[in-house]
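One structure, pasted below without further comment.
For clarity, chains are labelled A, B, C, D and E in written order, and residue numbers in each chain start from 1.
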């Protein structure tokens, strides 16, 4: 007997996300036609941060591990590429491999200590590890220390250098789409279900026979590795490696993107990254004291919406369709039950 | 009485909280297929005992053997995979998951490791089917896709049982499964447990004496962490010490 | 006439926002004084805040270059931002007129024909400090700086022109709030004088605590980039008695500076800092160069030659570019003395640096 | 290092610890006991310092400034709580992290708009200037004031939380707000007042730190991170834990800064030691925290509950 | 009439749970709510207690409208709650649990004290210094009752009054409730032990799908027991 599934239906937020991806895919065309190369740079930044946010969402949203130090892995990606090219290794594949290896290693090491704690202590210990690496990089004067260092040469994939803006953009776009799709599969897979359920009730999962620690650690490591890739792209965008990439405010920005977009939703990090960066740019253009507006705006969104932008969309959709949903009713989405 | 024939045998189990001895050199044997009830006043140490059997609390002394194996120091998740399944006194499920997903988690736990990253679980019949069957068995067949948060208290208790069953357990540790149920539902649950009886070893902790007397093969009475009596129903009912310490008038045949 | 677009990048927000603000205000003052024009061409300044984040700096630079198509960018407060944006800007053949940060590499092997500085290179600043300390006759000095590149540059620069003995050199954490432990430590070492480099808030912390330990006035304190126009308002009389080595002080006795200080005070109700002064110089440098090429900024070679001539009056007095396009300009002993609003900075005597920075030699430009 | 110096440095460590505790106490009320992650506590500290500095500069009296500061911070705390945070108690920590992150941005910029971007002036009051001579090293009198103020606050907080009925209610409310309300306590008001009390404590920390530190926008965050490290090491929600952890962190940090470099020099060559010393010293407390949490995941003095 | 609930309707999000509940509790009366699981008994209690606001309908306590007001005001007006699932404060000791919210706003002449509660539940005295989290389930239930009594209510509401209690203690609780009733306290009780409730209670309400489907006194209930049992599953 195979029970019937609830009917599949594209939700509003999924449709909007697809529309957004299509718009993003057209940015290079626009940039070329309108002679606005800056638009491409901005959009690349959005894609890269969206990728990092997707990786953070995996542990923050689905696994319920509030990491306040995720910028660490962004920074590791940046510095692995930076240091390798400093020593004349600009082979992109090698850099990618090294980034993945380093992030996995650091993730496994710090994760296995951090995962012993939970709640606020977890928030703090992830922050502490990020700070430790921050200070470590600051003291490496050979690689620029606090001042950072210019990327000696862009990563090269065969004959293709990532310093080509359009190539970089393409790579970021493809990787983001892949990450989104991968995340969707992952969350509904056996592994994903275990990770989500461990967030809801870890003790019960143990009683069911799951060694939860290793599943959560694996999720943490996967997330670290994906974020490392974002770092690798980022250093090619800015052509510069700086310890400030792994400062705690960057971690805060990433959290803001995930939460404002909608935690534990597939599309949330994408909306979050796009929204945050665009609003920031727009406010900056308006006033020097943009943060006086930006800060309260964050507070306002947090208060008004429990599920971030995606939550607002779903609420609107529910009202429009006249079905129960939105805040108040328990949302199965967080369990990975959405858009099966 | 001891020996390999016992599914579970506990010897001189000891647990202290500061000055309080919650489990005091406690012995217990559960035969395969036996329903063994544990009763006793509040704070006697029943939940503490169950938690030690399940592996959530580490005893300070004594031994626990399951199916001839010493599991005294074994971790919770290993015990669960051996077939030791427990339910909680306070309902403990995954509120944001649907009923089906909850039960599928149990099934999944017993199908090897879960480092499988790609196929959606809802498209894996080897998970969905046993889960749906278990739900059917406890009477939740129509609630498969209801998020658990929307289930009533009693239904959540039923779900709790379905989760236990889906794991192909060999010994059930049930801590007050009737708690918070109305009489009719208690009766349903009693019937359900009756239908399971004989297939699994069951350790039942319960204050609902109607249920205990309807179900138990043997009863152990726990007072201040110590077993003061152990035997078949009639023997326990008749025991004046038990009546004094625990039953009061309720044990009178009605 | 098509206005000339000039990009300004500075640290305008965050704790160090005052520095960038000084640079910006002075730059705008110069333009205002010239009727909204530089070199006879009307200018619009496009302002970008790097938030003291290198990636933000790069982003701002990219925007200025690719989207606004500016031919000239000025400002840049901090070394790390400068390191990040130097290459992208000069690679795009856009002129970068730095008015503060001067990290060693861009004065040396990474120098670029498109980069000019109206300030100094980091080492130069501290060579002057070392020279001053020697001149004052202190034989045993205790040296302190924050533990980052600029701090280490500071100490190595100091050592180059200081002839006495360094009892100990101590590197403290960046943005450390409390120095009481270090202050106890240095008292125990019994030096003749203490030399420190603590820019921004760190300086305020250090000097306050140094004063509270009763040391200021007893144990001479020589500092660089620690007590300046941006931090003095927070210290006021607490800093009286400190000696500093600086490229600028509001009381420098030249006509250009006198009118600058007067105009700056009138416009912004505060004394100009060295950041303001250097940025004012940058504006005047651009003014002179644009005038020389008659507003035709598209001819890069001509414009570069015009910059190189440095045909303007610096508020620091004599000013010319060395081969690496960093200035040969004055440094001064500047004391903190009792003044109008509690305390003011007063240049006492010029410092003659013995040796030129050795970076110019490393720079391939001639 | 001589014995005298060791004593002085321990005193310095103690003093830093007490300063940290002043922050940690207020934060523990809000963060540990109300179970509300308030990153904006650093901003309240900053506002306290600015208020105190302005009041002091305006009235010319430190004591008067201190007196006026309390109602000012109370009002600010109530306002912030009422406008922005009231709705967030029942939300998860993440929403709180984020909203208060937004508040940090707001307050830093606000301070910059009101008081300017450069550090703001504040000095030690005349009657507390001067230094005591300890073993030939001048030790500022004002530091003793900080130490005693911190100890007083520690005692007061401990008594409030553990010896009064309000304390019981506060602890009860941390785990089950709805139930406290259903038993007849105006938990909304209680929480507002508690938050405001946290703000006052932060303000007092700002007041005391103002004369020795630079009062400027953004001054709250470095100390906030340190304080949170303290709280986590001590065990979240425990005033006692926060107190001991503050002292431990203060001493470890101070000795790390002073002893470690000379220690390293004794067996590494000078230049390596100069690089490694400060780097290690700056990572010291984070290492300490990692070690503590690896061994005792709930901190040194965990609060016992479910 | 002490408590008068008229036609209240309550929702969780968009799903309606109460469809016009009506019930009354007189001064000094002992009333029970019966019904299968999930029928809305606890929701009724929460609505009365101000823990959720009913969308429609009125709730009067001694003539004063209390529907929708904050729960602490309801409590102060004189309702004491023993909630479903106990909800004692895990990080407070037993004594603190009792003292923290104690008050006597109704000016009861013989207010509840620690001593009286301990006399009622001697087990609690033994465990007085223990944290709430470290109590057994039954001890927690006793504590929850004691805690409600310490607010000196005029109306005591017990949701699942004896859940998880041993038979002896259960009997003890029934005896206490009887005694409390004699002192003039009004009681509203939800419990499944009909046998014990019948001699104690004055009137009964049977709840089904969010409304009252039967009400009557104990004799009537006893008389119709069999029929009601098969229909309503009480």
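The working rule: contacts are C-beta pairs under 8 Å (C-beta built on N, C-alpha and C of every residue); 3 or more make two chains touch, one makes a residue touch a chain.
Model, not experiment: these values are computed from the prediction.
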{"item": "Chains contacting each of chain C and chain D, listed by label", "value": "A"}
{"item": "Distance in touch steps, counted as few as possible, from chain B out to chain D", "value": "2"}
{"item": "Chain at maximum distance from chain D, centres defined as averaged CA atoms", "value": "B"}
{"item": "Farthest chain relative to chain E (centres taken as mean CA coordinates)", "value": "C"}
{"item": "Centroid spacing, where centroids are CA-atom means, of chain A and chain D in whole angstrom", "value": "31"}
{"item": "Chain C and chain E: spacing of chain centres that average the CA atoms, whole Å", "value": "75"}
{"item": "CA centroid of chain A to CA centroid of chain B, Å", "value": "42"}
{"item": "Residue list for chain C, restricted to those that touch at least two other chains", "value": "13, 147, 174"}
{"item": "Residues of chain E touching at least two other chains", "value": "15, 134"}
{"item": "Sequence positions of chain B contacting 2 or more other chains", "value": "150"}
{"item": "Complex interface listing, chain B residues touching chain E", "value": "17, 39-47, 89-90, 150-155, 176, 179-186, 207, 209, 245-251"}
{"item": "Complex contacts: residues of chain E adjacent to chain D", "value": "49-51, 70-72, 74-76, 80-81, 83, 87, 89-92, 96-97, 99-101, 103, 105, 131-134, 147-148, 151"}
{"item": "In the complex, chain A residues that touch chain D", "value": "60, 66, 68, 113-114, 116-121, 123-125, 127-129, 131-132, 135-136, 138-139, 141, 248, 252, 255-256, 259-260, 263, 289-292, 294-299, 302-303, 306"}
{"item": "List of chain D residues in touch with chain A within their complex", "value": "31, 37, 84, 87-88, 91, 93-95, 97-99, 101-110, 112-113, 225, 228-229, 231-232, 236, 275-276, 278-279, 282-283, 286-287, 289-290, 293-294, 297-299"}
{"item": "Residues on chain B engaged by chain A in the complex (per definition of touch)", "value": "54, 56, 75-78, 80-81, 85-86, 88, 92-98, 100-101, 104-106, 108-110, 114-122, 124-125, 127-129, 132-133, 144-145, 147, 149-150, 163, 167"}
